[in-house]
């Protein structure tokens, strides 16, 4: 299983039956494929769709039907379309149960940076800043360390923030952390990973849950 | 009052250099193709453009960018456009990046006579810089201002001759709120029906918001990311 | 012609072809009957209808179709229904060309009082406060003097205000006034009425327009 | 997740004394008749009720008033109800009168996560007393706060089993915004259709806002002012 697959398979457990969910662009989008087929989950797309369906086949492709990543999609039965103000009323108003987003850096306080790298071209934050403030639960999924081997879980984010104290749970290929009043708490270890491994690869300070789950 | 016009070029001809225009669409979906092309041909300059995105290099608002007609862009995401990067880095183009929900709400507020509102979006980030902060029930919010345009250009699916509009699927996006926030709103549509043919319960934009209706033809409706079912893509 | 009829017949001249108009409850509602039949005017009802039609006949009565006065109405071809937030977005956002409202008192500064009388039961302002702030033009129609013979056009309103400096034009059975930077200006006299008559029956100070119109 | 419930009494049974409830409707048009009757039967007390009006003496929210279940009323117009006057004058009933557009916007803001906004409505009047005032572009505005309810009760025409709602004519009124502003939203409807039967372009309230759907029967839909064409009335 690749690192991405591991993360995605863990992330899907955050989604309960009957939930309304927003999946970010990139790796989070892959989570959709893993949702149990007997679940009734409505996926929200911030451009104005509740009830994203699978990608279309050739005959279904419709330029008037895309997701927030600008990909052609379909709509499930029971879907609804709405305008951008209503879409973000949904998001900002706390009506989305879970948002799963990618991250560049997460701090031990639950700050998230995922929209810009100074010196590189700024593309824009899209709906990410609204999602992290509005969704009932914000789950960040990202690789534990950068391609240069640096921890992406920081004492303080070095990149410009998307939101301050907004992350509820962070999932990497090695571990899962919750952000609580007491601080960042390690709650799960991936199979074959030790707490020491995590300490080594994590710049942030963290507590270890009394109920730490280890995957055999 | 019937609002159907024959010629988009005439209407666009009234737009002055330096105007603020609001443009509907999300990516290339639901954009007013005719209006953008007419503005390009007319060569109106120094535009402040408010739109969620700025098209791609050779389509949508990217056409106006390539033609150096845009002075300032207010958008939430402009990552699909290389011309943008060049003009931004060279200082030719001023950019105000706004979170998408805040952008939508600022436009809605503009149309609804709300001069400003508070949102938690962007608190503690670069977006909050210079903006008044206020606490409500122990939580911090920033004040965001409404946006109003001299002109609003939207794309709808159908209109009746009074200017009532109906949109199709996710081509709705920013269009209905942008329609409310222009001093003059121009809607281009794929079909015009007689007054009374639209079900009044199903109208998305009431005629009061629309000053001109144009029947478009030959919409290209370009697709940015044609993504297919995996089986299909492989097979 | 009754006093009401006079006022209503003058008021309808404020409505141009193609306008979107909101008519208040009571006397303003009667203005609808006087709109030239070749005009295309859309009448807005703040409960969520643009395009009020005539009262229904028995077979057309529909409890789901009422105006802001809670009367059964019909909808014209080209009408649209919308929710209350959108209805007041229309009003507050300056999309209604003219609002014609009744008044209890108008001051020389263009203040309007038309929603409560202290000591009497407060019924509520409904949409009046929004209309006077939002409509492009606010026309007040009312009788010039009260049933006790007192001027309803005051130096200062004595009743609680609906809006401050909001009236563009005031129409009574005797005269028409505009509210300008310079003050209140008499612009029209009804047939057989003199400026002196108006001075006598008007508490407020007013200027007389150089282009005063007298109806023969 | 299918949200169709058999029993309004069970759901209403969860509402605590002292709760804030938002109730859709304008006059007697589009009111949730079943919910009001269930609340009356259950005898829930000390309610704060947010609704544009308060029914008439013997129908709509007037039933709860007659039963002395309402502690505080937030409304824009209550002139059709005599019980109201008595309880208000005797001090039993607290009243917060709010301009209709401000009420609508406060409810929308509550549903949309906007804690406060500015409006010109009410500037210079009693309504402005005690509210922060701010100037934008040389004009004064007052700050108004959002409204959120513990429960929201709405009446729609049709629902599908997921809770997507469609309203009919002016029975729409406050219902769609109230549906967004309840922590728990209960929709009662005249017809329930299968998932997929509603056209997604024509849904007024997306399912995300609705927690429970109840199929109502025997709606009375009382008319406050049965007004007929003059010819008909005479003839």
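A, B, C and D are the chain letters, set down in written order, and residue numbers restart from 1 in every chain.
Rule of thumb we're sticking to: contacts are C-beta pairs under 8 Å (C-beta built on N, C-alpha and C of every residue); 3 or more make two chains touch, one makes a residue touch a chain.
Protein identities per chain, from UniProt: A, C = CoA transferase subunit B; B, D = CoA transferase subunit A.
The model shown is predicted, which means the values in this text are computed figures rather than measured ones.
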Pair from C-D, A-D or B-C with over half of its contact pairs in common with A-B: C-D
Farthest chain (mean CA position) relative to chain A: C
Result of counting contacting C-beta pairs for C-D and A-D, higher pair: C-D
Centroid spacing, where centroids are CA-atom means, of chain B and chain C in whole angstrom: 36
Centroid spacing, where centroids are CA-atom means, of chain A and chain C in whole angstrom: 54
Whole-Å gap separating chain C and chain D, where each centre is the average of the chain's CA atoms: 28
Per-residue overlap in chain C, given as positions that touch at least 2 other chains: 75, 81-82, 85, 88, 91-92, 133-134
In chain B, residues with contacts to at least two other chains: 105, 108, 112-114, 119-120, 167-169, 172, 200-201
Chain-level touch network, classified as line, ring, star, complete or other: other
Residues of chain A defined as touching chain B within the complex: 45-49, 54-58, 61-67, 69-73, 75, 81-85, 87-88, 91-92, 111, 121-130, 133-134, 160-165
Residue ranges of chain A touching chain D (in the complex, touch as defined): 17-18, 20, 40, 42, 44, 50-51, 75, 77-82, 85-86, 88-96, 133-134
Of chain B, residues touching chain A in the complex: 26-30, 52, 75-80, 85, 88-89, 95, 97, 99-105, 107-108, 119-127, 157, 167-177, 204, 221-232
Residues of chain B defined as touching chain C within the complex: 1-2, 108, 110-114, 160-162, 164, 180, 195-196, 198, 200-201, 203, 206-209
Chain B contact footprint on chain D (complex, rising order): 105, 109, 112-120, 134, 136-137, 139, 141, 145, 166-169, 172, 200-202
